[in-house]
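The same subunit A turns up in both complexes below, where it pairs with subunit B and then with subunit C.
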Partner chain A sequence: MDNLIIEATKYTPEISFDCNKNLLKIKGKSYPENTSVFYKPVFDWLRKYLGQDEKKDVTVNIDLIYFNSSSSKILMDFCDILDEAASDGKPISVNWIYEEDDEDAFEFGEEFQEDLEFVTFNLVRKAVE
Partner chain B sequence: MLKDLYDFKKDLAKRGIFFCLSGPISQNLVAEIATTLEQKMNLEETSKSTVLRVFSTVVENAQNIMRYSDEKEDELSLGIIAVGYEDSHYFVLCGNNIEKRKVEIIRSKLSELHNKDNKSLKKLYRERLRQGPPKESKGGAGLGFIEMAKKASKPIEFDFKKLNEEFSFFSMKTVI
Partner chain C sequence: MQKDNSIFSKEDEVIKAAEALLKQGELNGENFLEKYKSLLKSYKKLLRQTKTVTRVSDNQQRKLNRILERLGRYVSFQLFKKITHEKGKVEIRTQRKKLTVFFSDLKDFSYTSSHMEGEALSEFLNSYLEIMTQIVIKWGGTLDKYMGDAIMVFFGDPEFTSDEDHALGCVKMAVEMREKMKGLRSKWYGLGYQDPLHFRMGIATGYCTVGNFGSSERMDYTIIGTPVNLASRLETAADADEVFISHETWSYVKDKVVCEPPVKLHLKGFHHQILAHKVLNLRDESGKDSRLFLLEDEEKGVNIKIDFSKVSKEDVLSIISEIDLPPEVLPETKSSQLT
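For the complex of A and B:
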């Protein structure tokens, strides 16, 4: 299958899903007018990718500076799909990357961490650029 | 009119308002406004958390206008949004026309949040996130008011002004 690359805009994040490196990155800001329209190809790709019968380690980097409330719903669905795949034995690590003095992003990460059972969920603090 | 413009500007400044837009709001405009305000607050050495909370409140409010304002010109939604600073806090004002039947729906949503502390708001947010969007959400997740209440340092103030038999003007103020 092909990699999925979507360039960032002011209100949508960069999507860089590499099926050869098994590295999935979401980076930037997410507040599209209609989140389900923007994320549809992302979910389609993810389902197809996770449906492959491989047991290689998958790394997912979620590096969002800002996301609106409808994107938080999308992120939850996204993580749920990963968790389900992990429950079937796929080794998946999610790195929730937040800026050092952004308490809200840290708290969001903590909540996702509590909700997910099977993926390895890491809270990764990074210095402000 | 021309001579009043300076007075109008001065009046906004007197109220602490440093940004104001009244008219049609589009997604591109939301992005430009939010990004410009972010730049301005960064220049003022505002803390990262505060910048992001104001950014978030502006986006949620503006997208509410886009989704729910009942003053439309074709595809465009109209409303008013203002951002200011008073008593050491940023605030965001937002207003738009709504159909009369929506007054009680919005009032009950915002009243429900009024007396909740931050912990209860977070709990409610998680519950709603799990429940999924309500029928009338129009591409949103039905979480915007809770999101804003979480970011706010005090309860969201709101008001409804009857315009005629059909419409009311809904306004709210979020203090960060």
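For the complex of A and C:
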């Protein structure tokens, strides 16, 4: 299947899903005008990708400096899909990347971590750019 | 912002399925139990997500409040209100308005500050600016900027009442600042600053261009125009603790403010002479100069005028006591008015 590349805009994040490297990246800011419309192709791709019968390690990097409430709902649905696939035996790691001086981002990561049972969820601190 | 219900499309489907099940009427059997389990699972998930979204939303609101509070310290209150309440895009846009513009600075501050240690200078300057800014806020001025010890304020934008209100508010602000400086000089002297500091003020009224200046990446809400240059030049021309106002400003405040007779000034940037008025003080509610004591009795040959903006009552009593006259000649009732 093809990779999914969506460039970042002022209100939406960069989406970079590489099915060959098994590396899925969401980076930037997320407060789109219509959240479900923006993320529909993301979910479509993810379901198709996870539907493949492969047991390769999947890494998901979420590096968002800001996201609105509807984006947080989308992120939870996104992580739920990953968790369901992980419960079926797929080895999936999620890296929640936050800037070292951003306590709020760290706390958001902890919120998401609490809801996941089967995914390996890591809180990754990065230096301020 | 348009409603975005489709991020809850899955939850909607679960509810519809549950409603359809109830309508069937058959509430027994394994099928019903499976559907019920599925509904319960979905409900639990929805509750979990709702709790998380609520916490995330609350945290973001708190973060926003913190940012706004910090931002509010870097811009004037009026501009902060304009930024946070105005709808529509922020863009380079200006308009012409009649404003009253104020400039002040500390006379010979460059020399004074060169003899101060860095920490003392910061503390001194910040305490001075803090006090003066409170007076600006009290009189409704828009604080444009600090330039070292200089302060630039304008009246009439973004909030407007009348040209008279703004001109008078500005002059009253200047008079209060001058009064405050007297107390500050005593305080600074007591703290060891041997050179008493004085300041100069200039005020001008007229049409300015006000709005966002700069580029789309970085803009400044400020004013430009002849009254800005004039207020600045009047301030430079003023002597220690003097307030020079332009002729147009004077025309708005002349019934409420006592000024010396106008002077003609040659100011840099102006080809013609500028008529300027030196503010003495405010008139009281009856329209009289509240700082002047006037006693006129032609029959008795008495004509006294005491300007309490220039002399204290103690000095006046001292002068009177030196007059070599028998006590019965001194009008006791009049001297009591001085106490």
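Things to note:
To be clear about the criterion, the second predicted complex is superposed on the first by the 129 of 129 C-alpha atoms of A that agree within 3 Å, B and C clash if a C-alpha of one lies under 4 Å from a C-alpha of the other, contacts with A are read in each partner's own complex, and residues count from 1 in each chain.
Heads up, the rule we're going with is that contacts are C-beta pairs under 8 Å (C-beta built on N, C-alpha and C of every residue); 3 or more make two chains touch, one makes a residue touch a chain.
Not measured: the values here are computed from a predicted model.
Because the two structures share subunit A, they can be overlaid on it, and in that overlay subunit B clashes with subunit C. Residue contacts after overlaying the shared chain place A:E84 against neither subunit B nor subunit C. For subunit A, the partner that touches more of its residues is B, with subunit B and subunit C as the two candidates. In the superposed model, A:D63 makes contact with neither subunit B nor subunit C. When the two structures are aligned on the shared chain, A:V128 is found in touch with subunit B, with no touch to subunit C. When the two structures are aligned on the shared chain, A:K10 is found in touch with subunit B, with no touch to subunit C.
Contacts of A:D104 after superposition on the shared chain: both subunit B and subunit C are touched.
Once the two complexes are laid over each other on the shared chain, residue contacts for A:F112 go to subunit C alone; subunit B is not touched. Shared interface residues of subunit A (contacting subunit B in one complex, subunit C in the other): 33-37, 68-70, 72-73, 76, 104, 107, 111. The touching residues of subunit A, when paired with subunit C in their complex, are 33-37, 68-70, 72-74, 76-77, 80, 104, 107-108, 111-112, 114-115.
Per the touch definition, subunit B reaches subunit A in the complex via residues 27-28, 30-32, 34-35, 47-49, 52-53, 55-56, 59-60, 63, 66, 122, 126, 129-130, 132-133, 139-141, 143-144, 146-147, 150-151. Those residues of subunit A that touch subunit B in the shared complex are 9-11, 31-37, 65-66, 68-70, 72-73, 76, 99, 101-105, 107, 111, 128. Contact residues of subunit C toward subunit A in the complex are 1-2, 4, 6-10, 45, 48-49, 52-53, 55-57, 59-60, 63.
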